[in-house]
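My structure is below; once you've seen it, I'll send some questions.
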């Protein structure tokens, strides 16, 4: 358990057997463990050992114990620009929940239709940290940061084609956001964004 | 005179003497000629031959004859995100004027303060073509395109630092704009943007 | 319906089920809807709900209602440099048609054989907007723009190999076109090009 | 005043006259204003109007009114990997102070000498947000994030040569930091980092 | 046999038949030959001719004769930051062994948990050359080089996603390592790293 | 003298003193020597020793002995797209002359005005090798190669701005030229292009 | 038939049906036609119409009529650095043959074993044009150009991994070759290289 | 003193005053200190405090105490491809000397003239480590590594223009060297190369 936060196992480069081995070592462990980027095989391997583990196939996340802790600290809101950004947004939202924050998820709030953004300003302003997930032009985090006082955690996604360059365009947009208060994480890194938002929204003196 | 539009002389790679030579050849020419990216020396060289030539040092543009033609066609609006984008925006606006369009220029309309964009929606909707000039995150054209039915000509600028990569970040943002109707030109190419907007807003059957 | 233009559903990141759900919501909708980047599965999902929807598998486009509106405004011409550029060119041409423009499509007009370009000058000059689709060196839009007074919408394609860098070479060529009047859109973005051309060629006061 | 935080004027693209005009408009303004990336000429222009304005030539920051507000919220710690990173680190520290946070600045804590990092762990653990400024390999933020529970705001700098690619190498390192809890801002963006850290460390319900 | 070191056959671009042909030519050859990047088919092709050849499917290495030579020179230690880096690390370790060095392999020593690095300092200091294999941020080699006097051979891996850019981020980090004494090889080049380490740790006057 | 061709001294990285030393060593040398990328100081240093050396300040070329050899082999034609490409084009033309070819130079033949290209087809068809020099979009070599049977040596120049990326855009265009028969050299490498053209146009059995 | 040279059909982006259609149109055509980048399906489609067409599956080339013309002009030599470069090298050699040149092909001549290069100097010096095909570091063309007086046509290949960046590393090496006389074509462009070499080695006044 | 090796002060980002302060702190220090990338002002600042400090203005290196230690361990040879690479090569050679190795420096050994490389094989084979410094195509290290059994430390330089991309081309070439045994350091990093070579050539059990 790193510094009070759940351990996370990055499954992408591991065989199901390796993941199973890690799951076995956790049986007597008390804290939360997240398995990120878990394919169905990885999930099956974990559940062979920990049958009640929670699995979200869209977010590709497995969590154990299955229930998130009772929320402490302040609220996290996760906003996704399009439905294609949903997997990353869910990964962020679930991570924040398993780290102990009350979390809302709002989808399909692109800058091409500003009214959709403006319709959620009240919700956004209630959050202690807002995760904004966007691909293609990646313009949404800068717009949101201009509307609220809380920090925005911006996650570029690899959604798009051509000059989107697998998320690079969105990444650069977010690093150059005109509004201050935008914290950028790696492309498609929903886990990192949810973790960061949970840290920001943590209760004083608490992980 | 190419296809009915004014000739443009790109001064950046030319000596003042070369530019003077071109100006001399124009004395008996009847159409409009623009000298773009003209330093003070280039402007002086033109005015040594054509003393009444118009010179805008911010846009680095010299025009002769000095007066733009009486406007035909429809309206062009040029919008700049920040004051640092002004030189490029003026180059676009002046080019559109010298190509015969009635043109408005609005500055300091960044996406970090949406109210500033929304305050100009009426003006934007009156245009047949809107040029949007922005550096750093380059998010403004996509937001404007979502608010109007006319085409947006997007000009990325080299304003910014670090991961702005001299306008590359803004360029990629604009190419990936979520709203359709965004036409992109080269970084800092105010001349090209004004030209394109003037073509779009031309009266039927007219250059 | 955004600003008077048809809604477009980008299928690439969506499951057939998600696309089907969107199609169901459209049943009582009156305007045109386009489904872009639709695989066969996406098309089948739409047609399960809207059986008479139009489907072009080369352009990967589904449209509903199936018949394009009666044309208004002026003519759009779409030119493709090579037959490998056909899918993108058809997507552009169909989009312009479903947005209400009379549209022509000309294929195999590369710069390596100038006579083929020159043979179409008359047709090109009749258009209010010309879409030029080209991969590899992407040189065609600049050549066309030098021959006509109307704006050229340039679409780089990912056709080619090696230093074509999946359309990047063509994109840069187009952004640096020596002739003014070239509006660039994202690599392989036939939909965006057709939309932009339709906006340029729209009748006054009409989307 | 955006959302309760000080206004910041980005001087890099502005003439001293433009900056002076902005300073004049501030005379009756009550909140804090920061002038970032202010050369000596920019600073002189501000002080011609607001003679008691604070000026730090290393951070290239001008602030008015000159005294930072009494600190509220929790502590911010700024860490710089090398002395060449000092200008960016000071810009971050001063920004956090003028936004109302108690702030410490520690310099010369590179990963090549881990004992220097480890010697400051106690201080780092007292912070609600830690800004880590590093050029070249940019490895320090990930190491710090592994040692503490609070979020790390990572600022890549353009310090270095060759394959440092003006901060790009450090930027990529930080985006790929193995420890979660790393929020990345633009290269050399001390202002943005200090702002973000101040937001994170703000007292509840307070900008 | 080049300059006294084993010959290596790079299988990636070869058909199993071509590899079989090379194996046949080796039957009467006395020195060691390594087949790198050997898929199962390549390995089968070699073993059809040299049935006792050694095959490590994780490292994708085939060696013949099967037993490494008795070690000479000094010790090589190979360190991998994560388990996903294991294939490259094993390729390095096996190569060093087949070139005649006594070799240790230590896995899962990331910079996000410094105690894991520090726990191996004794082992690291006993080596004449240390190979450090790391993906994502690639920060480990610089940290190790700061702890020991021997040279570090740094191998970036393509482990990671997004802004890891298939190993480019780790490569740049390693080239910019703040500690001197870091020798960088190509991304995923375990063979080259093991070879270089074996050369460094060779006994005087010996390949 | 390498393989029968003149020696070339690349002055860019050398002090005038170093260049002078090289000139002194040449006094009793019989063949042609070229000093490329020679600033005025470099030229002065050569002429202090070899007073009759030829110096072209636009091409930044110094040659000694001053007179090119009597032409052998076939004709070389050098074509420049714009006047800003002149320095590189002259360097190419002079190099070909000093290597012993009869050479023509034609300037200002951009693809945006095809008639200008077509006007020179007769001249182009008389050449054994055509050097085509172009910046910005770099489209001219492909167009020329489509018109003639002889090889085209394409030289991208760093002329342009923004997405020209200092010649990279032109370089990529040329590497992707749709017409076969295009040989590409480094950006701004007039010397290399002239040398290559001279080799192609050499008389049989002659350097 | 372009300018006297065979027509080439680039099959990569075409369906077998499209290729078959082209083959049908050729039945009464007299000149040579090459089908490049032809998969087995493309080859089958051609041979359904032109049953005696020549097909080389390694070079992915189909030629019709099947026999190359009797050689004219001078000799072309094609050199490949490694066996993985063979497909590209064969494509170059066959193209030169079908364009009417006598052609030799030499494989496995890497710079890591200079003796292998030096062993072929006599053959290389007999050529009027040498095609050098190399991946990874792409160093061979510069070494060969230093040994001979004839032009070298350099073809980078996508052979390699990691920082080879699919041929980019080899491409840059070749563009920066220290020896003059190196003409570069696109990555993996064996057809273009063979074509260019055949043009260089053509008999006077002959395609 | 890091791990037994001299301390090095990187002057590039420091004011002369800061460097002077560091020099003062060294007065009673016994080990060797190197000041790298020292401009004349930096050198003067050091010598104001340590008047007998050694200064090499080409290598931009200052060393104190002025005399290198008596050599231990084995020989280091530094090879530079061209005279423009001399500053980096001298920085490498002097660093190796001040770290206690006997060092030779050979200049102007480009791959375009193989005989110059081959003429030095005996010297190269006597070294325990060879530093190879090269810009432009960066091909020399791979050629040298193919000729000797000792490791090659490859230093790309920023010498060249255009597609040399300030040393990137040479860097990639070196990372992809076909011969094993090539250790790459950062562009222009003579200090790092000399340090690494000195570590490799150290006597057993000695820094």
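The first chain written gets the first letter, and so on, giving A, B, C, D, E, F, G and H; residue counts start at 1 in each chain.
Just so it is clear, a contact is a pair of C-beta atoms (placed from the backbone, for glycine too) under 8 Å apart; a residue touches a chain by one contact, two chains touch by 3 or more.
If you want to know which protein each chain is, UniProt gives these names: A, B, C, D, E, F, G, H = Nickel pincer cofactor biosynthesis protein LarB.
For clarity, every value in this text was computed on a predicted model and none was experimentally measured.
Q: Shared touching chains for chain B and chain C?
A: Touches both chain B and chain C: A, F.
Q: Using the contact definition stated above, find the chains touching both chain C and chain E.
A: Chains that touch both chain C and chain E, as defined above, are A, G.
Q: Using only Cα atoms to place each chain's centre, name the chain farthest from chain A.
A: Following the centroid criterion, the farthest chain would be F.
Q: Which chain has its C-alpha centroid farthest away from the centroid of chain D?
A: It is G whose centre lies farthest from that of chain D.
Q: If you match contact pairs by residue number, which of B-C, A-D or B-D shares over half of them with B-F?
A: Going through B-C, A-D or B-D one by one, only B-D repeats the B-F interface.
Q: Go ahead and note the Å separation of the Cα centroids belonging to chain E and chain F.
A: Here chain E and chain F have centroids separated by 46 Å.
Q: What is the distance in Å between the mean C-alpha positions of chain E and chain H?
A: Comparing mean C-alpha positions, chain H is 26 Å from chain E.
Q: Between chain G and chain H, what's the gap in Å when you average each chain's C-alpha atoms?
A: 41
Q: For chain B, write out the residues touching at least two other chains, lowest number first.
A: 2, 82, 112-113, 146-147, 162-164, 168, 171, 175-176, 179, 186-187
Q: All pairs of touching chains, please: list them by chain label.
A: Pairs of chains that touch one another: A-B, A-C, A-D, A-E, B-C, B-D, B-F, C-F, C-G, D-E, D-H, E-G, E-H, F-G, F-H, G-H.
Q: Quick check: in the complex, which residue numbers of chain G touch chain H?
A: Listed in rising order, the residues are 81-82, 110-114, 118, 136-139, 142-143, 145-147, 160, 162-165, 168-170, 172-179.
Q: Going by the contact rule at the top, pick out the chain G residues touching chain F in the complex.
A: 2-5, 8, 74, 146-151, 153, 171, 175-176, 179-187, 191-192, 195-196, 199-200, 202, 204, 207
Q: Within the complex, which stretch of chain G touches chain E?
A: Going by the criterion above, the answer is residues 82-84, 112-113, 159, 161-164.
Q: Residues of chain H touching chain D in their complex?
A: Chain H reaches chain D through residues 2, 10, 12-14, 18, 156, 158, 166-168, 171, 186-189.
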